[in-house]
């Protein structure tokens, strides 16, 4: 396992008792405010020193309280993007960015200042000081600073919370690239289901200092019972492959023989991608739909209907591409006679497969 | 102004500047170290160290001078030992600087300590996660951030060193050209009837020098503050 | 009644004895404030509530007289003192210091401790003596001046310097110094301690104290501490 | 006009030149990171003092540089929720909350500590100090503190950025209530289209220190050309009225005669509500759809087809309930022959009308 | 310990405590005000004020004492005027306290000023938007946040006041029971050959008192810091 964490830290105010293993990739810590995400990340970074803990990134043991091992933060070679930026007020943006480079100078890695500056759109800020930056600007610089330290693992504590959608959409791909190209493990704290879906290899859900759920992203997200932030967050993740780039700007994916159309993707033909289909974006039909503006229609059959507390129900549909979840009203479920084994068509609008919900791998 | 002060007085001014400058320089390193230790470390005997640092402030200067004499005089415990390795304070300007440094030390430590306590440890943590060792963090984050405090402390120490009299004269006496600082000269004039005018001239020089140091430090501090916190 | 006496610091031991005796005899209270003559004189100039001023030199008394702060009628020269050359305990006595060469020889390469030569009376007398002996210019750079005569004494007592110039009374007070030589009276101005009552502080108690200072009892105490009493004895 | 702002503030680093008028309600400042939102709010709060400005809330003139009027911050009676919390570190949470109450003691208003504590779920924190709170906890306390000062207007600078979805969903209604019940004007800074749609009476979009768009929320959001944070944000807002609460947990709305079904709403029958229908949640059909799980189907005709830069197009459909926007692929638009005047059915899944997108008024 | 010190010495200890305490109390209000003005306001003559505040540090204490005497003596310019409204400093313990307060003032101002500069103005702004006037903000936000600094400054001032000698003896003389503070007594003993033992006893008392004040302040400061920044 790439990331192995077991931390027990009990204070008067809060008890943290977490253990999980995660493979390489992005491990997203997911949980409500106050559930202990920051506390856990601090333990990994060595900013707190839990009495009982074993923390390792691959064979790089950061702490093993039984063996008496505890690396101080500066020896951990981690890049921490803090929830509140923590830029050095006495340095310019450029100097802030360069801060970690010195310590990383002998380590392998090809990340350059220019590349980071470009990617984060902070070229115009380089000679300014942090105090004059807007909230979002600060956070972008903090991300760049961590990246330039060529870390063995990136820790990111809600790095995008202060950013606008456009910036988020710009920066998210870079975390993906960290995962896919640089092949750096990432421990990422987030509230946002869209971020989780897009980035997570593994999801670790925290509740009041304990792990309430842990597993591969597709599995956890595809579970209709996993609704940590409300039903809107339910959705299935499908594995697919780029089949063709069409001239009208659409990319055709092949999900186990089923064609899915999306707006132009950057991936090459043949590359694997993950597609998240939010349950509330799926319409079910008993008849084969015709004359609809939706391009993605998958035939399958109902495997489960789970009524929720409210007026809705989650319907699991087995399709050749994998399981797809659909959220419908109980009224519709009754009207359409949805029940286990019933054949249905799942209608997904092309554009409702949102860019945030597609992650290359 | 050349004609305004006699040559002896000029030499007192020059000596005072030298003594105060060196006193400040000597006090700076240990002062920052002690301030850091008091601000950020827990160790047994911390209160004792803290008390010792403040002693020169609490004692009448003459008593401090007397203790220095016992310790660092040619017959003193440390003085004898230091003399063997060629370091002599007694009746030298170096002794005047030592006395001034000791007297200024608590002021310096206090100022620096306060500003260290005002540095957000979260910034130091951030530097740590980026790979900086404690020492490196201190040099690249803590120290730059406390510069205004260090500067303030140094100017305070310098001013105090310029004004130090009791400990200096008791420890190294008053030898023209060697240990006869401005305050000694001022004191001398105040001891003779009608010497006030001459004393006032020297007071004016003292004030001028110290004011210049103060204003300079303000200007620098402002520039630093601007760099750190401002526009 | 009560008497407030401002007395030069070098009179400390003597004043302790004198006030005790006076209090026992008269029933009056005496409060003694000891400091440098200069500080005391200035304070009296600016209205200090002193009844009696005992100065270590004439200049400050003259200063107050010129400012009209003392009763001329009460002014008197009370005490005399000798100037001596001291060395650390066990130093060879020399007798009368009449030629400067002695000082030069004895001093060797060490320093000569004195009170501030331009400011403190003991230093001023010493400087005058060395000038008269013709060695001041040579010695000038070797003199370690301190802010009062007792500090000069301490430097000698601690062995920091081989020689010092102090009053005979100071030498008598310390067990750690030995008198090397006594300066002949002729080589420095006469050392006298004037006394006077402060203007507007006339009282029965004060006058009794002034009278007591030149009494036989007081004389014995002063002399025990090494002073010459030069005032006419009071009846 | 309730809120009237005209501010000109030019510094070396940034030029702010903004003027707009907004009626009572929530005025949302919307714009990318660094566009000047915080700068503008600071001018309204009196924390900066622009050379040329006139700022008034109804007849309460906060600044009028021509008349030489400038109220200092503490006389403005505003409640400012800062982007970074700014809690008083030396006071407990309870004392922080109570801070403004003293100054507001003579002002009308019935908001109580208990009510605010309840609403924000901070009861357990009352005796703690800010330094021990998590990011989200801090922000909730900051909101409570501003509310308890009984302000004439609330200024909120991305107050929810640090909160998780569940908390957001809990707190957002309170801002609505401010608007609707307490009738307090709100100037609200946000990156989030969902928040904008839900809260905004008026939208003021900023771009590099200038107003790029201003107008009533429905108008601005319903404009297919308004895509400040990407096409996913496009959507129309319909006005409707609660018609009936059904037993199966659905609420039926009446939008100019057309029935819309939503999960149970809190509003009483007869109350007006606003419904936002995101363009990417609408599927168009040339035939009347049958056997679909979607409950909301509106007949109408195409009024405009606007091709975007990518593979998509925005189709405006005029329905009796109002204009509805649909985002379809150009491929579908061609396949279905969508053009001005063509009759279509707009299919909207009940549940895809998200809770965040419904605002009572 | 009662038997260890004579009654005169006890009276010096008691007097020193009284003098140092009042000196600190008097200096506190003006000190905080001046520190705030220097830290947060811009006004013409700011540098002059800053310089004046530091004067007692720069000048030999005897010179400061002399200036006080000229100003506040019964024959002094201000002294005469104050005497008319019934306030007399000259040769009273109040004068000793005044001298100590003046000498301690720069230390206090420095300490407080540094801690004011460390307070985030954004918090003060926040308090302002909640309806607090400048004065109110100062009392409820700034002051509590600078308490550790004020405390540090006050203890420094107290310690300095306990040790002040030169200005005191020059200004208000050395009158037993009235103005004869511990340092004066120590000085007197050091003037008497063989008086070192007695002097050392008094030094021990000085050190004990000042240490107690220091440790107390550390404890309080720690508690305050815990409240403000900590767990």
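Observations on the structure shown:
As written, the chains take the letters A, B, C, D and E, and residue 1 is the first residue of each chain.
What we mean here is this: a contact is a pair of C-beta atoms (placed from the backbone, for glycine too) under 8 Å apart; a residue touches a chain by one contact, two chains touch by 3 or more.
The model shown is predicted, which means the values in this text are computed figures rather than measured ones.
Counting only chains that touch, the fewest steps needed to get from subunit C to subunit D is 2.
Shared contact partners of subunit B and subunit D, listed by label: A, E.
Ranked by separation of Cα centres from subunit D, the top chain is C.
Most remote chain with respect to subunit E, judged by CA-atom centres, is A. Distance between chain centres (mean CA atoms), subunit B to subunit E: 20 Å.
Subunit B and subunit C have centres, each the mean of its CA atoms, that are 36 Å apart. Taking the mean of the C-alpha atoms as each chain's centre, subunit A and subunit B sit 56 Å apart. Inter-chain centre distance (subunit A to subunit C, centres taken as mean C-alpha positions): 91 Å.
Within subunit B, contacts with two or more other chains are made by residues 66, 166, 187, 190, 231. Residues of subunit D found to touch two or more other chains are 13, 84, 132.
Among all residues of subunit C, those that touch two or more other chains are 151, 154.
Those residues of subunit B that touch subunit E in the shared complex are 47, 50-51, 54-55, 57-63, 66, 106-107, 110-111, 113-115, 117-118, 148-149, 152, 156, 159-160, 162-163, 165-166, 182-183, 186-187, 190, 196, 199, 203, 206-207, 210-211, 214-215, 218, 225. Only residues 122-123, 125-134, 136-137, 140-141, 144-145, 227-231 of subunit E touch subunit D when the two sit together in their complex. The residues of subunit C lying in touch with subunit B in their complex are 36, 38, 41, 59-60, 62-63, 111, 113, 116, 118-120, 140-141, 143-147, 151, 154-155, 158-160. On the side of subunit C, the complex with subunit E involves touching residues 4, 6, 9-10, 12-13, 31-35, 39-40, 42-43, 45-49, 148, 150-151, 153-154, 157, 170, 173-176.
In the complex of the two chains, the subunit B residues touching subunit C come out as 66, 69-70, 73-75, 90-91, 166, 169-170, 172-177, 180, 184, 187-195.
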